[in-house]
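After this come two complexes, each holding chain A, first together with chain B and then together with chain C.
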Partner chain A sequence: MSDAVLPLRRAAPIGEALAGLMLTAPAAIAYAVMLLLPTLAAVALAFTDYELGMPGFAWIGLDNFSELLADRGFAVSLRNTVIYVGIVTPLSIALGLGAALLIEAGIRGRALFRAVFFLPVVSLTVAMAAAWQYLLHPTIGPLNAALRRLGIADPPFWLSSSDWVLASLAAIGVWENLGYTMVLFLAGLTAIPRELYAAAQMDGARRAVDRFRLVTWPLLGPTTLFVVTITLIRSVRVFDTVAVLTQGGPNRASEVLLYTMYREGFTYLRLGYSAAITLVFLVIVLGLVWLQTKALDRKIHYG
Partner chain B sequence: MITRRLALTTGAALLAAPALRAQQSTEITVHYAQPQIYKECYDAIAAEFAKREPGIRINFITTPNYEEGTQLVLRQAATNQLPDLSYQGFNRLRVFAERGIAQDLAPLLAREGDPAAQGYTPGLLALAHFGGFQSGLAFAASNPISYYNADLFRRLGVDADPAAFPKSWDGVIELSARIEALRDGTDGMWFQWPGDDWMFSALLFSHGARMLTPDERDVGFAGPEGLASLRLLRRMVTEGGMPNLNATTALQAFAAGKLGMRFGSTAFLRNMIQSTGRNFELRTAHFPQVAPDGKLPTGGAAGMLTARDATKREAAWKFLRFSTSPEGTALMAKNTGYVPVNQIAIDDPRYLGEFYRENPLFRTATEQVDRMIPWYAFPGTQSVRVTQVMVDSMARVVEGQATPEVVLPEMAAEVRRLLPRRS
Partner chain C sequence: MAGIQISSVAKRFGAVAALNDVSLTVGQGEFIALVGPSGCGKTTLMRIVAGIESADAGRILVGGRDVTRSRAADRDIAMVFQSYALYPHLTVAQNIAVPLAMRRLSGADRLPLLGRFLPGAARRRAAIAQDVAAVARSLGLEAMLDRRPGQLSGGQRQRVALARAIIRRPAAFLMDEPLSNLDAALRVQTRREIVDIHRAAGVATLYVTHDQTEALTMADRVAVMMAGRILQVATPEEIYADPQDLRVATFIGSPRINTLAAEAGADGVVRLAGEAVGLVATPGPLTLALRPEDLWIAESGIAATAEAVEFLGESVLLHARHASGEPVILRLPPEAPRPRPGTALRLGFDPARALLFDAAGRRVAAHAPAERALV
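Here is the complex of A and B:
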């Protein structure tokens, strides 16, 4: 280090570069060891038939992927994930935006409502799942007790009926994500200059709806794009509620991508096949990020 | 300086030497699953063991359930960090036997003399005999029993004595329908079908059939017994009004007094007594019988030896033997809900006689011991997946998505596909 910094003035750029390299080294090494290498190992595993506890493995090329295509369980899991994401993403964005607008427009209790809506984000999902299990309990849960009082004789068995389980999990997912999108929208809202609203009002946008359509929504563009991507990725990642509440059941009705990956790898011990599913997941997430940067570059740019 | 340090170290060494010689201690690592059920019993056994073998120190490592225990030991086998002794679920032992991780205990047993004289009868040894050799020693066993809410029975004017509990499923279903007819939000019965194939095998075995044919080349459940088992499951829903609950919610509903009868493993007994508290009087009765020679599956755990080092292996074997001895077994049975698996502890009233007199709920499972056969573990690498196929098929029957007549052949076809191919 001292060698690099001390010598002649002309060599300074090299010294600076070296110092820079050394300063970034801890982060770079940590990134390589904790993220890059495991990811590459998973990619390599996806092309083997490795099973946990077996002494050796063989390279089997694309066999895992062709099995994925023929696997009914994987198809069900992919379909469930798409449905789950399709419910959770739009709902948590719309409700998050609504909550953000109401809080921003409100006069009293702003801090309180912000905290109340953000609480699910910071609470531990596994612990919250236990609370949901009680709320949604078919016979002794408060929700069904309330429904019965309202005159519904046979309220649904939220988490154990294959018709309802995905919708119930999605509702929990929305509850979890709403606070997160709300906070992002709140940040986006504060960045909009007040004068624009005044100007819009002068130009004839009398109604709040018009001001929202003409000022708020377009200026929230970059925020919305970011929120959409992050919510998509967060909901594709759904795992803990499924693992705690339903274990993918009944009859695979709530089996989602990451849970299938976990089950293949750690219950059926087929790590190679599980790595192939991980790769599919990785491709989906990278695809979403790529779409985001593409769209950011092109369309929505107000800075 | 040097001389002083030398003098000091020599002095210390001289002081330490006798202590070292006296200890001669061996440290072994022992793994077990489900500490919420087992912790008290292992602690009691280890304390008693320490009195007899002061030279052996035991470090326990635990996993929340059997599944994670299997993963842990398989992972450690890959990285050469195996514990010296591991207690695994009966149906997981085959995985370790087929992967060459579990060691054959027959030579060690032979060294100690006649196994039967020590309480290891052939039937009990068979519980942990997988992959063609003695891959473990049974430690704790369970079988399915009937739990019921005695207060509810009395309200209906039904005799609440365990001896009067319905002996047949027809009787159970009829009683369940009567509880449903109260129309106060109480359900009649719940049969623990989700989770794994254990309770399906309870129905199948009690009809007198087996999972696979004796040569393990084809399924054994695709016949009339298997169909009768699935039809029975369907009737529990249609005629008995069985709600579509999962294991946790059913346990909660039962403990809250909202479920009349619950059919599941005796292993939950201590748990159930605690969660029921004073809500109502909990009682247990025999699992309904179908065929006169019907059997029941055995759940629970067996200890398997994995130590490579000779000294540690010897020490781990001593602990395994003590934990399955009459004394160890008695400590286990008192501290859990499991059935003792040492014949001497079962027969000799010195060990558990008083305990069972005072705790009649625990007696039910022991009275079914002669009906117990091993929990069937499927051969090959896809064994756990077979279990899932069965659970998914039962879900279809319970939810009424397909009739038992449709589900059974599909289930058989799917299981056949997952069995190892033999040329």
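Here is the complex of A and C:
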């Protein structure tokens, strides 16, 4: 009897495997062509001196990276990125959480406030940048007009002063990210059982801040971890506001990682060098993702 | 008077009246089960007593103190939730300690790192740990103090919830269907334990359930609630044998009490399908209600047809149908002869155990008639 069954059994896995391969093929091919190959190409490029339009290239090993280490411009760009991320991430998380808590606690206008805060996320940054340029304009901008009316005779030139440009861009970054973190926190808040708040009240958590510390904050743990990583990655990726509003200026004061990469690659056409910067960026992002998975394994899920 | 006093509480949700002038007193050390079908308002009432929900009208007194306007935290009441509502990120020991930590430690004491270095905080924490250990011991939870709720079985979680409720010795306990998430065997065992905890604590307990067995077995008194009103509050024995409302009679008891449409004529003689049943009451349409165990197969009496027999072990249920089409269930001893389906029967009963209700469902007095009134 087993003789009669075995050939069938043997035949089935081949057919199944084939079907499996065929079914995964579209996704696998798309992944390879769209993501894997370009990434590998960028990695390979990072070890060459290729420049766009040049007939050939040479493998130069780690020369691009040693040049990066010595490059003052790159150091400034890295430092600016860290400052930008250091302002945007904590602020957009704290404000997003605050907005989410207020909306959740509110009785009226929930949908309205949700939409208002989420609007920047869905709007086109390049288009909104024009509005920001007007708002922050040193002479005709409403912000400085208001400041002057408040008695500040000499308000800053937000986007054209090297002291203020990074802070101004960070403020726009917070405005962009806040809606996103808020929506994630709102989703996290709805997952907290109402009963726990009732229990906290019965247990003596009189003040809202007690209940926040006892219930809300710990139970938002997994959400917060996700929000932190996603916001870090989103703010490391800052590019469009810089490209549209300041082009890295004045005097490289707003030069950030991706803008430096763009400038090296598409203005100076040094694709090899640009790819080396991309690789640094990739390592940072992958590092953040790795940290997140580590933390997820370690903590904050309560089984 | 201590305990819980609920007077004339009303609550509406939009157009729906959830509670209608509800009054109930749970004496010091008394265990009252609030039982009713789902949606009858019993959980709403409990949440109003707890202070989680506010009443539209009426007053709540706990331990003689008016707490109607007090916050839940200030009412000196502990509650066991149906879902247990344990804090998933805290260990069992931390969960049990929360009510004490919230009361004995200041906000600064409870700060994650700094709190350890504040004067007196260490001593207060040690005292809390001692109390937690004592309560854990009394409930057999010592072995799992460092686990998280997610690592516990339903029964263990339920104990943790109980421990968290009793640790601070409140003036009253509220329990919202605490057994409904346990399997049947565990439920029977935990029933006893909850009653023991109640006795040991000696405080007023209001226990909400939809399960009449729980209500009858555990409570000193049972309050039956329907459609936002409390219909009757009485001992389990009285609720079962002497219900004051037809809805109470039909809700309590399993299988359900038999109800037959009857009528008392101008002479007061109660007749069922034209036959006198040996009772006298005020004239008018009536419902005659009889518990299954109060009926037997007799030579004469109510005419019915046997339909089916169910063997339950300690007894047998005989499903029959009255001539009017209404079903009648008899509980018979297991050794009694079992009539075949289709057999015509006569059912006898003791008039003293028959219950009569008027058209509005209110209980009416039934008298055994004088000898000659019997037809």
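Note that in this section the second predicted complex is superposed on the first by the 290 of 303 C-alpha atoms of A that agree within 3 Å, B and C clash if a C-alpha of one lies under 4 Å from a C-alpha of the other, contacts with A are read in each partner's own complex, and residues count from 1 in each chain.
Just so it is clear, a contact is a pair of C-beta atoms (placed from the backbone, for glycine too) under 8 Å apart; a residue touches a chain by one contact, two chains touch by 3 or more.
Quick caveat: nothing in here was measured; it's all calculated off a predicted structure.
Trainee: Let's test your reading of the overlay: on chain A, do chain B and chain C clash or fit side by side?
Mentor: In the superposition, chain B and chain C stay clear of each other.
Trainee: A:Q201 in the overlay: touching chain B, chain C, both, or neither? Say first, second, both or neither.
Mentor: Only chain C is touched by A:Q201; chain B is not.
Trainee: Now for A:G221: first (chain B), second (chain C), both, or neither, which partner does it touch?
Mentor: second
Trainee: Touching A:F266, do we find chain B (first), chain C (second), both, or neither?
Mentor: first
Trainee: Tell me the angle subtended at the Cα centre of chain A by the Cα centres of chain B and chain C, rounded to the nearest 10 °.
Mentor: The angle comes out at 150 degrees.
Trainee: Check the residue A:T190 against both partner chains and state whether it touches chain B (first), chain C (second), both, or neither.
Mentor: Once the two structures are laid over each other on A, A:T190 reaches no partner at all.
Trainee: If you take every C-alpha pair with one atom in chain B and one in chain C, what is the shortest distance in Å after superposing?
Mentor: Nearest C-alpha pair, chain B versus chain C: 45 Å apart.
Trainee: Would you mind listing the overlap between the chain B footprint and the chain C footprint on chain A?
Mentor: Comparing the two interfaces on chain A, one with chain B and one with chain C, no residues are shared.
Trainee: State the interface residues of chain C toward chain A in the complex, per the touch definition above.
Mentor: 47, 50-52, 71-74, 77-79, 81, 83, 85-90, 98-99, 102-103, 107, 110, 148-151, 164
Trainee: Could you list, by residue number, the parts of chain A that touch chain B in their complex?
Mentor: Chain A residues touching chain B: 51-55, 133-134, 137-140, 148, 157, 159-162, 246, 249-252, 263, 266-270.
Trainee: Using the touch definition from the top, list the residues of chain B that touch chain A in their complex.
Mentor: Where chain B meets chain A, its residues are 67, 71, 74-75, 77-78, 95-96, 99-101, 185, 187, 194, 243-246, 248-249, 252-253, 256, 258-259, 381-382, 384-385, 388, 391-392, 395-396, 398-399, 401.
Trainee: Taking the complex as given, what residues does chain A use to touch chain C?
Mentor: 193, 195-196, 198-207, 209-210, 213-215, 218-219, 221, 302-303
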